[in-house]
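Heads up, the next two complexes both have subunit A, just with different partners, subunit B and then subunit C.
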Partner chain A sequence: MSLQIIINGFALGSVYALIATGFSLIFNILKFSNFSHGALMTLSAFIGYFVSVRTGWSLVPIVLISMLAGGVIAYIGEFVAFRKITLRQTSPVYFFVSSITLATLYEGIVTIWVGPNFYNYPRFFKSLVIRFGDFVISTSDLIMFISSAVALILLMLFIQKTRLGRALRSVSFDRDTAGLMGINVSGTIQLAFFISGALAGLSGVFLGINYTLYPQLGNLVVKGFIASVIGGLGSILGAVIGAVLLGLMETLLINYVGSGYAPVFTFLIMLVFLLVRPRGIAGINIQEKA
Partner chain B sequence: MQFYASLITFTLISVIAVTGIYILTGLTGMFSLGQASFMAIGAYVSGVLVVKVGLPFWLSVLIAVVISVAVGYVVGLPTVRLRRDYISLVTLGFGEAIIALLNQTQSITGGALGFSGIPKKTTLTLALVSAVFCIFLVSCFKRSKYGRQCIAAKSGGLLPTAKRMKEEKRGREICEHYINVVGLTPYKNERPENLPYGLQRRLEIARALTCQPKVLLLDEPAAGLNPTEVKELTELIGRLSDEIGFAILLIEHRLELVMGISHRIHVLNFGETIAVGTPEEIKENPEVIKAYLGEEERKC
Partner chain C sequence: MRKVFFMLLVVLLTLSMAASGAPKGDIVIGCLQDITGVTSTLGKMVQEGANWALNEINAAGGVNGRKIRMITYDTKADVQEAINAFTRMCTRDRVSAIIGPPVANIGIAIAPISENYDVPVLGFAIDDRVTMKDDGTPYKNMFLFQPSARQQGAIMANFAVKEKGLKKFGIIYNQANAYSVSLLEPFKDAARQAGAQILVEVPYQPTDRDFKTMLNKIVSAGVDAIYAPNYTQELILITQQARAIGFEGQLICGLDACPPFPALCGPESNGIIYINNITETEPQIQGIIAEYKQKTGNDATNKFFLGYDVMKILAKVIGEVGDNPVAVRAAVENLKGYQGLTGNITIDPKTHQTKGLEMVMHEIENQLPKMLKRYAVPE
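Up next is the complex of A and B:
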């Protein structure tokens, strides 16, 4: 039984990790909390949904389309909502207001487009569960876990090993100096938004498959936020670790106190975490820069 | 008429909510996304106490306020000392937790269906009086010691107390005095990096003077200056030692400066003192001439 919980926890945690990573990427590079991430998740998941309903394509192209849609929308969103603020280097308050407004816009688009109804993705898999001896794993959980893991590993490799990844890290570290060293800062920020949007698309599709699709699906982004707080705001690896921990905790909590109370306990755990170890697991960046 | 009355009542309730946001965001610069959740706590506590427990309305309001304050304190405790982003993220999470909690405690709160049957006590007058009271309270708070602390916390630490204002004024006067002493008053409102090099050097000296030293140590003050600037610097240093009357220790190899103002010179060659004396004595000293000009003269 307990191993079953751990398996489910990892599956849940992997989606949270996708959300938290997409969120951390932007937090790292522009040092603000992108509250539009959740709504973007919903929007790109719905794009994937309607494409799949119209065309009847299988999961892989749908995921790719959602990722592309998320990436492109995030790219446009950066241009519309954040570019001016970045260039003027004004107060982070404007980022905050802008991202919340952008979230309202995305959510409004979805609500106008689909109404306040619930939608279900078509069934992508023949069998709903896979059995390994005594253990039962739902197919969607397994695929979700594998895809998330692959996406995160690819992202890590990209950030650590490639030239563009190095540009991303250096712009996160010090935007001005990176610019002086000949790095295309605006381009790198756009790249970060594209990747973040693509991750939002990926997580949106999986959340849609695992739960249902509805305009407020994006509220699940809070889990990603909590995961990045536990893991340490601004650290991508921390976000992944925090997300997996959160997934495990939630599955345990759902098992013992029921799904309704789980968010309450998750929140309390986060508070305790902030009291005991405010840096998070791998954290930096806890104090405002003077 | 009824419609407008209730519209204005709702507006006034929003005003009360906004005064709370004003304290958090306006005074301390923290972005809370959980204001509505705290309103929900107040609403449910008061409603449940009146309907289920049968407490009088005013007592329930009082208890509701106390409980919201307590919850707010607990949420704020770990978060306010961290980056401001944490406040937003944590209060957002708090909102989700409150919704989950209210949905779960269906027997008390009515869950997702809502909680009805609360006697309607909120009249236009009550809302108006409360709103005015809250605004009054917040403006008092803003002027109080604690309000000023909040503002100070936003701008990064130091309190704008009367004593600090006085000290700042004194500091400003000292600065202006020494800017005048070194002759930079025409450039008072200029940024230092915009000044020419020679004037920047004067500014450095002014900065040293603000500490009101007993001995002024100058390490190659003429480095990089052109002959005119060296001449001006020589005059300045000479004037300073005459007017303010402190000792000046000068390390320099520009002879026009050294010879112009020194009372006593120590000449060093490869770290060893080879001569000590007044400018006139030094000029005649063969060791110094040898070190500076070489031995050509003797050969000729």
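Up next is the complex of A and C:
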């Protein structure tokens, strides 16, 4: 097996990891698959793009702006689409319906705003390629890999080591008891949405740099969902492991069976996981509500 | 008695006006393009070019004293929308001719339906299936006004092998895209006939965005060049990712590598060889590009000039045979040696495609197109 293929697999996996983590965070707290996450990635990536075109700023401020935009939009989205459902504790199916509706709204806003065309981020790196002996890695892939790793480590530290992180874990474990213990449940859910939105902004910018920007960019959220299923729905570490495995698996499949059959095998593997080990690799057994 | 006399007078006056050949109102041309869908950048350019020519014609007095009016319908890149609009133009709008889309899937859908009417469609979709039936005869109304996929594939292969000395090719193409697939076999056949080898062929899916692994496979086979007949967005990713995995050889591309591709793609586009209908260095084309830019702030691409030429051709033939669609169709079928901005255009009645029309080969240098040579498919 060529080392170059593994490098490509890790690069692809790091993109999926960013998508899967934001996705998984909401699943962890509210126990539903937030399909508006993909469209939010697109929306915040476009905000970063237009700021970048107008100001000519470098990558770091653009990433920060997109993350902030993603966080704020997700925060508002939570209030508009999910708050009532959470408070009334009505049928969990409404979470799913609401997330699909919100995704359509975000995608509609992007399409009206930018039209159906694609856009290319301005160039942030002088050199496209970094060489390690006989092997090459694209600069954007490497920076994306490092950024993903840093963001995910910070997120894990935040969840494990801070009071707010403990509150997140408590709400995730049992919302009612957490409320009785004096934790601000609504505030904690808002925080989860903000962090998830910020991760959507971060992944959106790197997806845009790597794959150009277009209104349907967020469809890649499906990969995040598959990664979450493989890793274990609701587990952030599982999502990362699942994403890296998915990236490697796709790269190998493309190399050995071709791009046409690769998605077939990918979905088959996801189905096998759902049938044989629905709790995924990480082993957290969470019953999805919707 | 007075009533009968008055009616006779009206009839006589009407007949005398018809006999004298007085203007009968505007000449109506249909324009069927994707204005808002995924290929809107192509459709809008064809429409703009046709409109530019129309304004020139009308400003010069029209055709035999009559103005041309163009009715545009948006296909939204949707086959059903396109069929509905096509039917409306043939039945309700009574157009003399239709300027067709540059998109194969819409052309393929319209072609069999067009047999029910007598309105010529002057289009730009290079897939043979848009103009030719399975039995090898042409659809009576469908015409192609640029070299076909077969001709363009052969032009690119012959140029790459004979003029650039490239001998080993890898191919990456979108297997779900009619344009990409239609340019595949003609290139392979012509390259092999010219003595080159196709070492590896990698199909991809429309949803693919990461091509590095596929490109690795091609590069590790030791190719001289990569043939990539793909749409602009995918071509940007393929080019950037080919350079990102260290490929320094040449890429041979279709029309989608024309400007604005070099600007969108960046310095990685340098070294790409591509085919085009026009060259931006010709003074007449330069003049229109500058004027259009000044007026609209946009760049006129090759599709603009295809639309421009076809509108001028329609004005010429309508001037000669009138605006009856059947007469227009017969004149278009026998069009010979029309010197347009996209070359010297002759329609082959056996195929309803252009015959011997040259394309202009370019190479991208410093993110700008540099004309290499005019090239036609060897007869």
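Assume the second predicted complex is superposed on the first by the 282 of 290 C-alpha atoms of A that agree within 3 Å, B and C clash if a C-alpha of one lies under 4 Å from a C-alpha of the other, contacts with A are read in each partner's own complex, and residues count from 1 in each chain.
Heads up, the rule we're going with is that a contact is a pair of C-beta atoms (placed from the backbone, for glycine too) under 8 Å apart; a residue touches a chain by one contact, two chains touch by 3 or more.
All values reported here derive from a predicted model rather than from experimental measurement.
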Just checking: does A:I6 make contact with subunit B only, subunit C only, both, or neither of them? Give me first, second, both or neither.
neither
If you stack the two complexes on chain A, which partner ends up touching A:T251: first (subunit B), second (subunit C), both, or neither?
second
Touched partner set for A:N120, first subunit B, second subunit C, both or neither:
second
In the superposed arrangement, does A:L271 touch subunit B (first), subunit C (second), both or neither?
first
Could you look at A:L68 and tell me whether it touches subunit B, subunit C, both or neither (first, second, both, neither)?
neither
Does the superposition put A:S33 against subunit B (first), subunit C (second), both, or neither?
first
So, does A:L164 touch the first partner subunit B, the second partner subunit C, both, or neither?
neither
Please work out whether A:N219 is in contact with subunit B alone, subunit C alone, both, or neither, and reply first, second, both or neither.
both
Pick one for A:L237: touches subunit B only (first), subunit C only (second), both, or neither.
neither
Show me the subunit A residues, by the header's touch rule, that subunit B contacts in one structure and subunit C contacts in the other.
219, 258, 260, 263
Residue ranges of subunit A touching subunit C (in the complex, touch as defined)
2, 4-5, 8-9, 11-12, 115-118, 120, 123, 128-129, 131, 136, 138-141, 210-212, 214, 219-220, 251, 254-255, 258-260, 263
Listed in rising order, subunit C residues that touch subunit A in their complex are 36-38, 40-41, 175, 202-205, 207-210, 212-214, 216-217, 220, 232-233, 236-237, 240-241, 243-246, 264-266, 268
In the complex of these two chains, what residues of subunit B are touching subunit A?
29, 31, 74-75, 77-79, 81-86, 88-90, 92-94, 96-97, 99-101, 103-104, 156
Along subunit A, where are the residues that touch subunit B in the complex?
27, 32-33, 35, 92-93, 96, 219, 222, 225-226, 228-229, 233, 258, 260-264, 266-268, 270-272, 274-275, 278, 285-288, 290
